[in-house]
Each structure stands twice: as C-alpha cells, then as structure tokens.
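Presented sequentially are two complexes of chain A, the first with chain B as partner and the second with chain C.
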Partner chain A sequence: MTAAPASTVAPPPAMPTRARRRRTPALWLIAPSIVFMTLMFAYPMLVGIGEAFTGPDGFTLEHIQRMVADPYFWPAVRNTALLIVVLIPLQFVLALTMALMLRAKPRFSGLYFFLWAVPLAVSDLAAGLVWLAVFTDQGYLNSVLADLHLPTFSWLNYQNYGTMFLTVVIAELWRATALVFVILVAGLQSIPKDYEEAAAVFGAGTWASLRYVTLPLLRPSLQVALILRTILAFQTFAVAQALTGQNFPLIVGETYRWSTALQNPNVASAIALVVMLASMITAVFYLRLLRDQSEAKT
Partner chain B sequence: MDARQQPTTVVSRRTLLQYSLGTAAVASMAAACSASTSGGGGAGGGEGGSLTFMATQFNPVEERQKYEAVLKQYAPGVAFNPVDQAVFSTTIKSQVAAGKVQIHFVGGLHGDLAPFSDQLEDLSSLAAELQDKGYAKDLLDLAKLGGTQTKYIPWIQASYVVAVNKKALQWLPSGADVNNLTYDQYLAWAKAAKEGSGGKAVFGIPAGPKGLHHRFYQGFLLPSFTGGQITTFMNADAVTAWTYMKNLWQYMNPASTNYDFMQEPLARGEVLVAWDHVARLVGAVGDKPDDWTMVAAPSGPKGLGYLLVVGGMAIPKGAPDRDKTIAAIKSLSTPEAQNATLKSNAFFPTVKADPPSDLPPAIQMEAKAVAAQQSAENAILALPPVGLGAKDGEVGQLYKNCFQEICLNGKDVQATLQAQGQQLNAILADLKVPCWPPDPVQPGQVCKAM
Partner chain C sequence: MTTATTRPEQAGAARPQLTTPEPDHGPQRKRKRDRVWLQVVCIAITLFMAVPIYLIALAAFSTRASLNEFPLDLLPTNFSTETISVFMQSTGVIPGVINSIQVGLATLVLSFIIGIPAGYAVARFAFRGREPYQLFMLFTRALPIVVLSVPLASLFLNVGLYDSVLAVTLLHSALALPTAILITASIFVGVPADVEEAARIFGCTPFQAFRKVVLPMAIPGIAAASIFTFVMSWNEVLGAAILTLSHRTLPAQVLSSLSDSPLAYRFAGGFVLVVPALVFIFFMRKYLTNMWGSTIR
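Moving on to the complex of A and B:
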C-alpha cells in the first residue's frame, strides 16, 4: 500500500538520448517520496523491530514472551479479530444502503449527506465518551428504560461480554461507517446513470440492476474502502477504551497501555509489530483478491 | 486575496485594528507573565529574582493554581514548576552531572527522590533545626533514604481511607466497630449489605484503568495478611490474602472495573462503601457531610497495613542561593503553610498542626481517619514502591494482573501468584533495588519476591 505513490510516477516522454539520461528525471521525481518513506516509515519501523527484539544483552525474545504471557494479550487479539469480522460486513451493508438511498436523490439529500458524514469529523475518544453517556449504568439508555418501567441493565459490566461487545460495535458502527459511506458516494457519482437506465430498458429490476450493473462498476471504490477500513479497524481502540476501559481490551489499546501507563517501549513495540503484521497480511490478501478479479475480467 | 484588491484605506484600517489587538494581547500576556514569575516579589523574600521549585506533584492545572496560591502567601518569590516524573529525573540527573544546577529545590514523593540520594544535599542540620515541628519518627527515618544523612524535609503526606455512606451502617455486623474493623468483619459487612439491598452490591474499589486499586493490594491487603509487600508475594499468607480478595469481590459492585475515582460512584449513590486515595474521596461528601463518615482501613492477621504517600523537599547538590532556599523550605514547614496546603490541595501536614476550624468537612473526616490509621497500635507502614522509576507502572500492573486473573478470570490463586511473581522478580533483578517498608530494608541487597 505504502509503495503506491512511487508506482504512479509515469516515465518521462521518450527522448532520443541515452538510457542513463532518461532515468535521471524519474529518479529525481521519486526521490522526495523515497526520502519521505525512509524517514517516516522505514526508519521508525526498523527502530520498532529493534526495540521488540533487543534487551540489555543484545537479541532477546523476552519481550515477546512477556507480551504473550500478559493476561490481556490474547483477549485483546480475540476482541480485535471478532470486532473486524462482525463490524466490517455490517458497515459495508449500511454504507451501501445509505449511498444508494442518496443516489435516488430524495429531498434534502444534501442535508442527509452532511448529517451522515458528521461522525467523520468527531474524534474517536469524543465519540466513545458520547456513547458512554448513553450506555453507562445511569446513562441515557437506562434512564429511558427506567422511565418506561422496564428493567435496567448494566451494559458495560465486565460480566456481560455480549452487551459490552454490542455497545462497542454500535459505537464503532456510528463512528466509522461515514468513511465507507463517503468513499462509496464518490464512487457512485462517477458511474453514469445511463448504465442503470440501459439495464432498466432491458428489463432488469432494482435488485438485478444493483447486482449486475452498479456493484461491479463500484468495485474499485469498494476495494479502496475495504482496505482502508480494515486497516483502520486494526487500529480501533479509543472508543472501546472510553466505553469499557480495560474490560474489553483491543490490541492497539494494549500497545498504548504498555507504552504510556507501563512505560515499557519494548513490549509496546512487540505488540505494534503484531498489528503491523496483521495489517500487512490483510493488505496483501485484499490486493491479491483485487488483482485476481481484474485478471479474470480481461 | 480580496483585501489586497481593496482600496488602501480599508486595508490600513484593518491593519490598524490588527495591530492594536496584537498590542493589547502582548501587553496582557506580559502582565500575566510578570505576575506569575515575580508574583509577590515585592512582599519580601525574593530580593534577587525568584527561586525555582520543581516538583512531581500538583501537576494538573487546577491543583497547580491552588498550590501556587499557597506559595504566594507563605513563600513569596518561589516559582512553582510541576513536571512529570521522567522530566524530573532527567533534569536533576543532567543538571547535577553538568555541575550547572539552575533549580533551587525540588519536591517529590519519597519514591521520586529515593533514586537521587547521591545528587541531593545533606539536610541533617536543617532537619535538626526543624525538630521542634513534631515530625513523625517514621517520616524522619524515611527522609534518610536508607543512609545516615537527612536528604529531604517531609513536605506533604496523604493516605488512603474508607469512605462510608451512613446508609450502609445498618448492615454492619453486630459487635463490629466501624472505626476499628477487621478484614473478616469488612467481608461480612459487604455480604450483608449486598443481601440487604436486594442483591445489589454496594461496596466498591477503584479497579478502573486509571484507578489505584493496586495500591490497595500493595499497601493494605498484603501487608495486613502477610506483613510484606514484595518478599511475601507468593507465600502461603499471600494465597490467603488473595483468596480473601476473591471472596470479597463477590460482594463488590461489578461496575468497579470501570471506576477510576471512587468519589464519583459514591456521590451518585451507586456505591456506599469504598476505599480510595483521600484526594479521590473528597468529592463524594459534597454538601451532605452528615450522611458520611471516613474510617481507617480494616486490619488483618498481621496488623493494620496502610500505605503512606509522603513527599519531601530536597536541594540538589550545587544548587544556587542555598540560604534563600532554606528560608523558603522553613516557611513551607510551618503549621500555617502546611494547613493551607491541606485546605487547598488535600495533602496532609507532615508537621504537628492543629487542623484549622474552617476545614471542609470532607477533609476534616479524612484527617481523623488518617490519624487513626497512622496511630493504630498494630499499624504496619507500607510505602509505594521505591526506586523503580519508570518501572513503577509495570510493577503496579502485576498486582492489577493478580486481581484480573484471580477475581475476574477465576484463575488458580497459587499459579497466578507464581506467574506474576516471576515477572516481578525479573523486573527487580533488572533494577537491583533494595526492598522498602514494610519489607525489611537492607541497602545493597536486591529485593526479591518469594
């Protein structure tokens, strides 16, 4: 993913000169991004890997062992994986529905777009705190339940894993669907209406038109949104932190905890490496999926 | 862009406005700066500029402002500079090593100062001068940092007590004195309270991510059951202590894992009885002091373990203006200045001082509980870990892990203590620090969990 900007640099127009001359401007053009990547990505990454595997006596696996032995590590891995598996399909269905509804150009569609995009501007932590006010023991939800003479419930209690998970999913759904939505709206806008009209002429219903015309044309946007959203989902933690504290640990939250509260950069780096590996594997997986499909088409 | 195309008169008017605004801002900033640095400079003391007082305490802006007001009144000319612990350490280390000390004196908790024994001036003569102030002997011993010279003058102290909403007293087991509880009675009380309030647990502990419950295990539970904090970490008494904790947890509000400051659930009425740091209980009482009482922590088989948070004022070696600094330390060690700190920042006097009559009721109750705890016959003084520096958080986390594994995840007590104890020993072996109270203090010997 990070190599993308480099590959977009087009070769300079062919000139009747030696190959060496031709290569130089290309090098000059990509040099800034190479320098930038080295300084901002490669160097910190190498330092991070170094931190995770070195101790006072050189190479050590001690930090990895501490990471694995920590009582919060495996729950954090499980929660993060579960959240991604449940959240991302939900978000795509929701974002797609919203985007298609806007495409029908209802009245006030500009207002709806604005309202649905608002969560993009809200910080993770602020969103988490807002939802905390809703779900906490004496929060808005329980107040409403009490007013209706219904039994109240401790949604965020560590014993109620199911509701804890549910609240995090709802909060994340609210906060992060906007990103997918905006990408999909942009993608839909680039698809001319003619295709759908043509499909209608040939007798395709709404469903068939969506399945065979709109979705395939939307594929590039869906892929971008999918990669972005999954990688960002690995980094989710502020919302869960605000809602459930340490009861529902997420893996990036663990990096943060080891690095700030526990002041141990080594174990923090080890956990960050896990996040990086997982992100890289998913990115490669998605990219391969993308390539296979484009090959199948041509 | 538009402005550039406008007639010049408009531009000049706008520019004029901007300039005048800017001038006003600069002037007001300058006024504010001069007020804060040389504040009260004319009132005496700070003849040749101000004294710099760097501290690890009162860092949040509200607390800082309150403490600056105290300084302004009792040690005018002292510029207060609260920093976090990492900055504190590197500043002392680098300035003393470079032989160019610019800070006049420093204030930190015992554990913040302990690593700098060699970088701090000998204050034995000042301590002798201040002897009539009535410092507790424990405090004076601690101030020697394990050596023979006094390295700091006790500055502030605080502890942890139990806040009790009087509604909960109805479930107190018969024969139990709320001011003098044992851990068994505390458990029976929690159980009766849960049953009495229809299955809703009303006891709480600050087990949230920013809560201080590890201090409960380090300074209260374990010393009371085992007599130690580190050296007894994995022994049979510790197993008893944690088994007790597991029992107690059944009768505690499960929302405790979200509580950082107990004053909040106490004030909301979610919790009626809770242990926490005095500064984190003050808000519970609010404007209904008659509904509340504060009591000493319970006592266990080995005694009444309690954690003392003590801070001291020290002078780095080679600091300038020593005489003026000593005068400032002396004036901060008067009962008046110490009482003012109690009133504004809820840290208790280290010197003998009659509590002022206009003390907020919450602090008054706490003062009583702290005194009762400290003067109990079977009291066992415990300190927060000393000399761990940046590893303090990790060690605290190991105690929190024990709670997580034993009480929440239902893991085996002995196995958990072994696993966490090994991590503890790895950290201690790396740091090579001697033990601290309540474990036997033997300088030069590395503390080890057994």
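Moving on to the complex of A and C:
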C-alpha cells in the first residue's frame, strides 16, 4: 500500500515509459510478502536444519541416531506410509465418483454439495473426536451392534492393529475426501459437456467416455489434488491421536511428542526434516509422472 | 438437469406427430433406472458424510449420565446442555476460544494487509519475476507446518514471543499468506481494468482508484477469502500446540488435554470444533468451487 504514491505521475501516453513504470509499483507491492515469507519460512528452515545436525560441539549425527533408535520411529514411518498408500487411492475413487454424480445433476444436488463439502472445513483433531464417538468401546457403532444383538468389538484397542488402522482410514476418508472432491468439481465445471456428448454420439460407453475423454481433460485438477492431498496426508496426526492416543503413531505426531512431551527440539527438527523430504520427493515424483504421461500422449 | 429432464419430454411430445407405431421405451426406462441408482448412491454418500456429524451433536447434547450408559441412544431422548456447559467451564476452554478468535482475526488482518497488495500486483502487472514469485508462493504452501513450528518455537523463545497470541498469529499468517495472495489475485483479475482506468481519467490517484473503485467491487470475494483464512487458523492444531504453553488456542487446548479427559469432554470438544465448519461451508458453498478452481491455477 505504501508503494502506491510512488507512481502518482499523470498517466503518460507513450507506451515504452508506461511499460517501464509498471514494473516498479509491482515490486513494491510484493516486497512485504517476500520479506515476510523469507522471515517465516526460509529462516526457520535453516534454523531447523541447523538444530537437527548440531550439538554442543559442532556438527553431529547424534540426533539422527536418537531419532532412528526411538521405538516409536519406525512404526510411525510404516503407519504413515501405509496410511497414504491405502487412503489416497480410496479417496480419489470416492471423490471422483462424488464429483461425476453431481455432474449428472441429480435432484437436491445443491444440498448434496453442501453436505459433502462440510468436512472440508473440519480439522483433523475434530474429525478424530467425531469418529471417536462412533468407534469408542461404548460408542455408537457398538451400541448399534448391541441393539442388533450382535457381538461388540473394541475397535480402538491396541491389540487390534487392523481395526485401529481401519478407523483412522475411515476418519481420514470422511474428512479429507472433500478437498479432492471440491477441486475435481471445479475442474469438471471447466470441461464443456459437449466433449462427452460427442463421445456418446460416436458410440463411447460410460466407461470409455470417462477413460478417454473426461479423465484426460481433468488431468490438471487431478494432479493438483494429488500433490496437495499427499502432502497434507503426511501431516495427519491429530486424527490418530484423538482416536488411539499413542497406540497408532504417525510421523508428525512423533515431532509433536519430541517437541512437547520430551522437550527435545533437536530430534523434533530431525523428524520434521524427514517429513519435509518425504513431501518434496513425492511432489517431484508426481510432477514427473504426470508430466511425462501427458507429453507421451500429445 | 437440462439434458436429462428435457429429453424424455421431447420424446413424449414428439410421439403424436411422428407416426412410428411402437416407440422404443428401452432407453427411457434405462435412463429412469439410472436416475434412481444415482439417487441411491448420492443418499448413501450423504449418510456417510452427515451421520457422524449428527452423532457428535447427539453426544454433545446428551446428559453426562446417559453417555456412560450402554448401549447409547441413537435418538435425542436425553437432550441437555450439561455436557457442553461442563466442557465450556473446564479450565482453559473459554480462554482458548478467546485466543482462537483473536488469532483468527489477527491472522486475517495481517495476511490481508500483506496479501492484498501482492495479489493486486500479480493480477494487474506483468512484472519481471512474476512466474518465479508465484512458484515460490506455491512452494511455501507445500511445506509441512512441522518444519516451521519446531524451529520457530526456539526462535520465539529467544525473542520472548513464545507462548503468545502474536506467535501463533505470525505462524498462521505465514500459512495463510500464499492462499490469500492467490485468491485475491483471482478476485482482482475479475475486476475489469477499464473501470480503474476510467477512475484514473477522472482524476483519481492510483491508490484512490484502487480504494474507491476496485476494492468495493472485490469486497464479496475478499469476504469469502477471509472466512476461509479464519477457518484455516481455527483448525490449525500442531503449530499452535507447539508454540504455546498457557495461552493455548482451543484446538491446542483440546489436544493437550486429550489423554486425561473424560469422553464427555472430548465429545463436546469435537462438536465445538466442528460447528464453525458447518457455518463456514454453509455461507461459502457458492464460492467453494470458484475459490479452489482459481487458487489451483
């Protein structure tokens, strides 16, 4: 804002000066954001890398060793990887189904859109608590089972790894599918229905039309949703914390534990760096994968 | 709607004119069956999305005694505000709500003071470095919050900002800023540049033209973006929990007292955390696709 008076000169008619004049206010306008982001992102990142690798006497790998030796670390890595591998495909199938169904314009589609989008604004902690009410030992699911005279089951018990994992997947499926759904709905809106109608005229069935017309056109949205969703999935932790406590460790939850309960910022930073590396590698991997495909097609 | 509903009607209307003896009802019947299936699947998904919210509301508005019974009632037979009010009176909850609101509003103001000029610049000027700048902003959006929170905690400890509303506000603003810039840029692209030039011709300075002409036209979009920012801040748990100790925001407070609180507390907490989401999506449902559609480009 402060930059605006800098260009209070009356608008000159000549084009070349105009083009040069335009560059200056823009830089002034974006300067605050660059300064702020450098202070809040670049600087902490450097500090974090420093914390992870330095001890009292200079460079050390001690924190990395402590991180790796922690009994919760490898389970946390395994759980996070497993969650991502199982959850993301499910989420994309569900979100795509939801978006395509709304595209068919059923009755009440406005209401459906509202209800399906609600979890978009629910935090992962809240989602964990919501599903805790369902899955806890004396929760609603067991109440229904008891009402039906079926045996109840302790879904969140640490001895039942399978159901514990299942509850986290369901809670995350409930919460985070909405993000993919909304991105895909936005993407579908920009695809004219003519393409699909043309495909139908030329005899393509529903599946063929989806496979060869809609999905390729939807690739940019799918790509963004995939990258965003995977990076966010790495950061999931409060769901598991709310549902199972410490019994289903996730990698970001470990950072939280090292930082708050154990008061060790060095190891916490080391784990945070693992999360960051993993996010970046997947982002680059997706970009490569999806770009290569599109180049091969064209 | 148009294609699906008009086609059977057209077929019906066209029948008397054309003298075809036996119209083929097969496709029409298949279409009708498809519509029924569509509704069935839609309702199933709606149940999956809505039933958990109903249940958490039910749990939050049941008496504490009834929550200890088993099996739980699936209908609101024990309606009471007891569970919610006990939750609200627990230590740290009311201050948590106040802190959350303060952080949310401050984040809104800070990220918009920095973000609106930047969004305007991205929308209006073809300056050198525009592409790298946008890439930089996308990149920051992709960084996990943990990476920032842990170093920021020690940093804030050194400068005496640790455990304050300001500390959480700074972190949340950094998280919200890229989105704020992208959304405001897309809003300003939608305000025609001609209007602004007309204002300039009639003697406005660039700043006046922006304030009196462009800003009023952009206000609805900015309002939408600001609700989005607020909810993002309201929902953020990890950073707030790491950066504070006694001045916790509501989610951080709930998270830190999870392990030693009764189920009733957790249910009420879950419900209170979900309510803003319901309100937010209700007001934003018209903007959602526009917002995501534009932010991702």
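Observations, loosely collected:
By definition in this document, the second predicted complex is superposed on the first by the 258 of 298 C-alpha atoms of A that agree within 3 Å, B and C clash if a C-alpha of one lies under 4 Å from a C-alpha of the other, contacts with A are read in each partner's own complex, and residues count from 1 in each chain.
Everything below uses one rule, namely that a contact is a pair of C-beta atoms (placed from the backbone, for glycine too) under 8 Å apart; a residue touches a chain by one contact, two chains touch by 3 or more.
These numbers come from a predicted model, not from an experiment.
Contacts of A:Gln263 after superposition on the shared chain: chain B is touched, whereas chain C is not. Judged by the number of chain A residues each one touches, C leads among chain B and chain C.
Contact with chain C, but none with chain B, is seen for A:Asp147 once the two complexes are overlaid on the shared chain. In the superposition on chain A, contact of A:Met37 is made with chain C only, not with chain B.
In the superposed model, A:Ile227 lies in contact with chain C only, and not with chain B. When the shared chain is aligned, chain B comes close enough to touch A:Tyr158, but chain C does not. In the superposed model, A:Gln138 makes contact with both chain B and chain C. Overlap of the chain B and chain C interfaces on chain A comprises residues 136, 138, 241, 245.
Per the touch definition, chain A reaches chain B in the complex via residues 56, 62, 66, 69-72, 136-138, 154, 156-159, 241, 244-247, 257, 261-264. On the chain A side of its complex with chain C, the touching residues are 1, 3-5, 7-8, 11, 22-23, 25-27, 29-30, 32-34, 36-37, 40-41, 43-45, 47-48, 51, 94, 97-98, 101, 104-108, 110, 112-126, 128-134, 136, 138-140, 142-144, 146-147, 174, 182-183, 185-187, 189-190, 193, 197, 220-221, 224, 227-228, 231, 234-235, 237-238, 241-242, 245, 252, 255-256, 259-260, 265, 268-269, 271-273, 275-276, 279-280, 283. Contacts from chain B toward chain A in the complex involve residues 208-209, 254-255, 257-258, 268, 270, 390-391, 393-394, 397, 401, 404-405, 408-409, 419, 423, 426, 430. Per the touch definition, chain C reaches chain A in the complex via residues 1, 3-4, 35, 38-39, 41-42, 45-46, 48-50, 52-53, 55-56, 59, 68, 70-74, 113-115, 117-118, 120-122, 124-128, 130, 133, 136-137, 140, 142-155, 170-171, 173-174, 177-178, 181, 200-201, 205-207, 210, 231, 234-238, 241-242, 251, 254-256, 258-259, 263, 266-267, 269-270, 273-274, 276-278, 280-282, 285, 288-290, 292-293, 296.
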